[in-house]
Amino acid sequence: MSDTSEPARKGQDFEQTLDRSDSRVAEFDARRHSPIERVQHVLHDNPTLVPVIVLIISLIAFGLIAGGKFFSAFNLSLILQQVSIIGMLAAAQSLIIITAGIDLSVAAIMVLMSVIMGNLAVYMGVPSGIAILVGFAGGAAAGLFNGLLITKIKLPPFITTLGTWSIFYSLLLWLSGAQSIRGTDIDANAPFLKFFGSTIELGGARITLGSLLMVLIFVALWYMLNKTPWGRHVYAIGDDKEAAELSGIRTDRVLVSVYMLAGFVCAVAGWASIGRVGSISPQSFYEGNLQSITAVVIGGISLFGGRGSIMGALFGALIVGVFQSGLRMAGVDVLWQVFAIGWLIIIAVAIDQWIRRVSA
Amino acid sequence: QTAACLITKTDTNPFFVKMKEGATAAAEEAGIELSAFAGKYDGDVETQVAAVESCIAAGAKGILITPTDSRALVPVITQAREAGALVIALDTQFEPADAADATFATDNFKAGELIGQWAAATLGDEAANAKIALLDLNASEVSVDYQRDQGFLTGFGIDVKDPKDIGDEDDPRIVGNDVTDGSPDGGRTAMENLLQIDPEINVVYTINEPAAAGAYEALKAAGKDEGVLIVSVDGGCPGVKDVEAGIIGATSMQFPLLMASKGIEAIKTFAETGEKPQNSEGLDFFNTGVELITDQPVEGLPSLSSAEGLEKCWG
Amino acid sequence: MSDQTPIVQGRNIVKRYGHVTAIDHSDFELRQGEILAVIGDNGAGKSSIVKAICGAVTPDEGEILIEGKPVHFTSPIEAREMGIEIVYQTLALSPALSIADNMFMGREIRKEGWMGKWFHMLDKKKMEDFARDKLTELGLMTVQSISQPVETLSGGQRQGVAVARAAAFATKFIIMDEPTAALGVKESRRVLELIQDVKARGIPIILISHNMPHVFEVADRIHIHRLGKRLCTIDPKDYTMSDAVAFMTGAKEPPEQQAM
Amino acid sequence: MSDTSEPARKGQDFEQTLDRSDSRVAEFDARRHSPIERVQHVLHDNPTLVPVIVLIISLIAFGLIAGGKFFSAFNLSLILQQVSIIGMLAAAQSLIIITAGIDLSVAAIMVLMSVIMGNLAVYMGVPSGIAILVGFAGGAAAGLFNGLLITKIKLPPFITTLGTWSIFYSLLLWLSGAQSIRGTDIDANAPFLKFFGSTIELGGARITLGSLLMVLIFVALWYMLNKTPWGRHVYAIGDDKEAAELSGIRTDRVLVSVYMLAGFVCAVAGWASIGRVGSISPQSFYEGNLQSITAVVIGGISLFGGRGSIMGALFGALIVGVFQSGLRMAGVDVLWQVFAIGWLIIIAVAIDQWIRRVSA
Amino acid sequence: MSDQTPIVQGRNIVKRYGHVTAIDHSDFELRQGEILAVIGDNGAGKSSIVKAICGAVTPDEGEILIEGKPVHFTSPIEAREMGIEIVYQTLALSPALSIADNMFMGREIRKEGWMGKWFHMLDKKKMEDFARDKLTELGLMTVQSISQPVETLSGGQRQGVAVARAAAFATKFIIMDEPTAALGVKESRRVLELIQDVKARGIPIILISHNMPHVFEVADRIHIHRLGKRLCTIDPKDYTMSDAVAFMTGAKEPPEQQAM
């Protein structure tokens, strides 16, 4: 390698034989694998397959239990509609969980921004477009606030967002006076706020623009995470923040951008939620944080960061939606729905662990 | 100056927010120093217990409380009474009702019954073939939840079996129950779910008006905004406007401001004379009344129009 | 048990990690009272095979005998209970705990009397005294205080703590995976002396190292690992460092394996 | 060191001078520290001082804001009473957080066990003592369930307890029929369930046995964590689980014991809660999980495990109690109480970070 | 800038960690085109001083000049932007990401054309090809695939990746903190060759190492660190390894420091 022409007589004596050394790389005999091992391997190489398979199995299972109605285009499109808002929150949540963080404030940001959009457009006569932009900016600002606390003051994300959740939640109660804004008032003054509630009929299926928006958000974020340098940095930070910092990532800057983007996505979800719910209510989505986390973990994204595809969260949200819809159609009491979701979480993640074990 | 407390279930429900506004105004007028407390969620016993204790510690002369759990709070308000405070339940009764010195409340069973009767009468003969969706509060089935639900069914003429249990009925006209958390997003999802079970639903009972608004959105999205009767309880101004707009068929109006002002008045009297308020005749509480609000009145069921309702509504 | 029975014998051991086969039907042998050095290229599988021996990983195939008796360790604790101590390449110390806590991890000393018996009360003083003695003995007392958390030590100092722990508690044999890799000249020397000292106490040692002078200085036999298996074992008195390096890198064919 | 008497002529040439080497340890000139640095150092060496100081400051602040009544023996003992149940949950939570876990199911276990005790003793005529023991066993079993999922199936604690929370919660709604058990029924059939509600009057102060129990639980756990081998192992696991395992700790066994002990403490809290509330309400303490975590983090215990004293959680719970009581007495709206608690969390942990930075 | 101006100059640098003073008014100097070895006992402060130079830690006192100009790095990124590369003792790799991802971390190549320009699309192929070339060049291509996650590599293989990354991107100088500590004989040799190769390209190197033969083989000057400060710098041609060890361990008084 070195360009000197003198004989390679360097180093200690025992190193002199090195130029003759073998450069073979270990190659081991391919042994036969048991079918179950082969499945494990395939899944291990394509981890997002797991939630997809769970989704398909639960679709089939509920089709059998709850009857053909379950499989109608209408019902399937309805499930898509019903998960759209939690799905968007799960997209935002995934971004953060991939950095090894967690955001307990996503739902509060979303509702707060929908209240702000509503107050501005419905009560204060601000044009809807501007009200929405103010909401978007607000979402990004809320994310910025989280991000700065986490990077500058170095608070753990869990604690930060536990605190900011309280702050955002009390602000939204205050701004709304705990009152809902009625659907008819929105229709009269700012119908554009309900834009994402519009539906496209497609042979039995009724797909709302909100459902499409959710899918779009996932695709866009997937692209950003997997095809751009920024995405590599996000994964690297989640994997090992210190190593990422030392290898030249401005980790704080990237983290702040992640929280801002997540806040922005929450605000978009806030807009979409107006279309979905038909009105703006400070009481909605109180459990949205936990629901979004549930979708993310069922989707196989590691809470330790750095591993998992954001698409998993989409399937995770759909799985929960299918379960809820299926159980309801099968006439199961709410109580036992809660019970079933508990087991779903445990079993989905247990399968995921089993697959990962292949590399341990 | 007389000290008094108002303890509501939550601070997120406009009903209680109005109640607090009313009580604060009345207290100011009566020269009473009022502190307000609220639970964090419907069912937050712990926070209400702590609030009562703080009131005792502060030497309150009277406590107005909307018990978030009608049984669980009895021990602590008994303490408050022993400490010499007048305890008045608002909106929700204690079990037993005489655990408090008095109760100023809507008859929630009655509120449900009225809208049930209205729905049955409106449908007429068709009532026998009705398809009913019941949109309740949440999995924990608090008293207002089952009282209204069971009242509605009773009014409609359905056997409720255990009157404290939601969902044990087997009348084929009931398509199903689902929970809404009393919010529009919950109302919408629950309605969608029940429509999935039977798209022919034509009567929808809702625990409150925000849930009704959500249910309406679901119906509208399914192209069923005409021809389905939505009934509800509350009488908040947004709800009455929904009656006016034909979204809600009928609603049972409650009077939180009256509850609040009556309560403050009672504390004032008690502080001055030691006299305690009396219950309505034949009832174990003072009925602050309930008014049926509808623009389609039916025979034999007194009601107010939405225009009249708008004059009395709260919030 | 005759003096000829090896302390450890591994036969045909296989360990796979997903698609990678780290140990490929390898044998292994440690004899009574000896220092066995294990050498080989990076990734040859040296760490994997010693981990298999002490239960830190469970082999997929093969057999391990300790003093002639088959064992199936499922965790290094079981090995430890037999008096086997390991100094891992990753050290296995708890950063936030003190040096003394780390030395006694899993075998803490309780107070004498009823507080110790009934309430399991730790005897901190005794543990700290013992830890200080051991480190001083090793000449590794370049630390400021024995109750200092391990995370405040330099890499080399940490290595010293891990080595001292193993030396203090082993009764059967000790495995050391590159114990001097992070150490300075002085500290390395101390560790080598310590290794010979432990051997003098009759306790055999498995030493993985990339440092040929060290290996040739202390080893009684050298196990050369290549591409996942044992290539051969040699006596350092019969071969030169150059030979060893040539074998392990594949530059030269290994000797016909006799029963040494 | 070696006992051979031959001259120390070993190793490579350059190592021959080593016996003459200096054995001095680096000693650096003690420099003067600024007062603020000195404070930082003192706090760094005694991290539990931070919550103690915050507690004292908030006591003084609220004494000034809310007036003398706040400082009455009665009110102070009342605060102790009011935090007792969340305090016990925080004790259980601390155990788990020290192992780098988190338990979202503590409150559900507690309420479930109080419902079981009540059902048995009040409705089924089982003697109270036995009912309570059944509850204790149930608490430990619930913890065992969590612990096994975490150690055997290797699910992350967050996900496990998110799932088991749903399971325990639905079970408790089912067992209770969502109905509270009345105080008068308990008095009539099983007054012993209310044991911890009894009060000791001590010159104005009304100290319940429940408050004393909470303090006792903290002291006992503190002893176990700091003075026994088990406690060292718990800290080591939280610090670095793999290292603990390799250095000879049966980490799975210790972890399972931690979850069982935490479940048991929750069951004890369940018994105490009957005395505290005076009845058994299935809906109470729904937010107990987050409240217990709040107390723990305000108390300076690291969510990353291995660091912090359990006593911190006691002070954390007291700080929250003092805040809530003080704000209530100062007539602050619930809304702004929520807001204030949000800031409290952020500021308390920020102070903690500032102190820790001294070692970074 | 004259050829005499040192590339790096540190004056009176102090760094404290809580109660510990890791660098105690130490000087430092790296000259144009040289390989400077830094040796010293464990805990002497070698890692700390090079971290101070590259901004990975911020010194409490003292001055750092790069090519004669004072700098105040607040993060290693700033150093990197000046063409300074560091191989850390802890490697600084992201375990779950691939070898190629790690090599390009923070300086990824985007696709040409509008997808790269407007949508920042990565050019995976180009990056993988480059990474494969670099590793092959270093003879470190003992890995099975360039898209393999780093966590599946052995310690030595990881070290190779870190070294290759630094060598590929440095333009001003490279700091290597014990780059061969975990490496085998063959791999160490490759790294030493690489170091000389980099020097031949005109890029100076700071090499921290405990391996005296390596140090004496490649270093132009040796900086001896002891008890938190620079004890002296020596020319390896003027002194023996024994001298160096004696100085660094305090067995012998250091030479009067001339202006070398």
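Chains: A, B, C, D and E, in written order; residue numbering restarts at 1 for each.
The rule is simple: a contact is a pair of C-beta atoms (placed from the backbone, for glycine too) under 8 Å apart; a residue touches a chain by one contact, two chains touch by 3 or more.
A quick note: this is a predicted structure, and the numbers were derived from the prediction, not measured.
Enquirer: If you average the CA coordinates per chain, which chain's centre is most distant from that of chain A?
Expert: It is C whose centre lies farthest from that of chain A.
Enquirer: Between C-D and A-C, name the chain pair that shares the greater number of C-beta pairs in contact.
Expert: Counting C-beta pairs in contact, C-D comes out ahead.
Enquirer: Using mean CA coordinates as chain centres, what's the gap between chain D and chain E in Å?
Expert: Here chain D and chain E have centroids separated by 45 Å.
Enquirer: Counting in whole Å, what is the centre-to-centre distance of chain B and chain D, each centre being its mean C-alpha position?
Expert: 39
Enquirer: If you average the Cα atoms of chain A and of chain B to get two centres, how far apart are those centres in Å?
Expert: From the centre of chain A to the centre of chain B is 38 Å.
Enquirer: Would you mind listing the residues of chain B that make contact with two or more other chains?
Expert: Residue numbers touching two or more other chains: 11, 41, 139.
Enquirer: Using the touch rule from the top of the page, what residues of chain C touch 2 or more other chains?
Expert: 17-20, 43-44, 142, 144, 152, 185-186, 212-213, 245, 249
Enquirer: Among the residues of chain A, which are close enough to touch at least two other chains?
Expert: Within chain A, the residues that touch at least two other chains are 12, 14-15, 18, 21, 26, 173, 335, 338, 359.
Enquirer: Of all possible chain pairs, which ones touch?
Expert: Pairs flagged as touching, ordered by label: A-B, A-C, A-D, A-E, B-D, C-D, C-E, D-E.
Enquirer: Provide the residue numbers of chain B that touch chain A in the complex, in ascending order.
Expert: Its residues touching chain A are 11-14, 16-17, 41, 138-139, 167, 176, 178-179, 181-186, 188-189, 192-193, 196-197, 210, 213-214, 216-217, 220-222, 238, 241-242, 245, 247, 315.
Enquirer: Under the definition above, what is the set of chain D residues touching chain B in their complex?
Expert: These residues of chain D touch chain B: 69, 72, 74-75, 78, 81-82, 85-86, 170, 173, 177-184, 276-288, 324-325, 328-329, 331, 333-335, 338.
Enquirer: Quick one: in the complex, what on chain C touches chain D?
Expert: Per the touch definition, chain C meets chain D at residues 56, 75-77, 80, 86, 88, 90-97, 101-102, 104-108, 110, 119-122, 137-139, 141-144, 152, 165, 185-186, 189-190, 192-194, 196-197, 200, 213-214, 217.
Enquirer: In the complex of these two chains, what residues of chain A are touching chain E?
Expert: 1-3, 10-12, 14-15, 18, 21, 23, 25-26, 223, 227-230, 232-233, 235-236, 239-240, 242-250, 306-307, 359
Enquirer: With touch defined as at the start, can you tell me which chain E residues reach chain C in the complex?
Expert: 17-20, 40-44, 47, 89, 142, 144, 152-157, 159-160, 178, 181-188, 210-212, 245, 248-249
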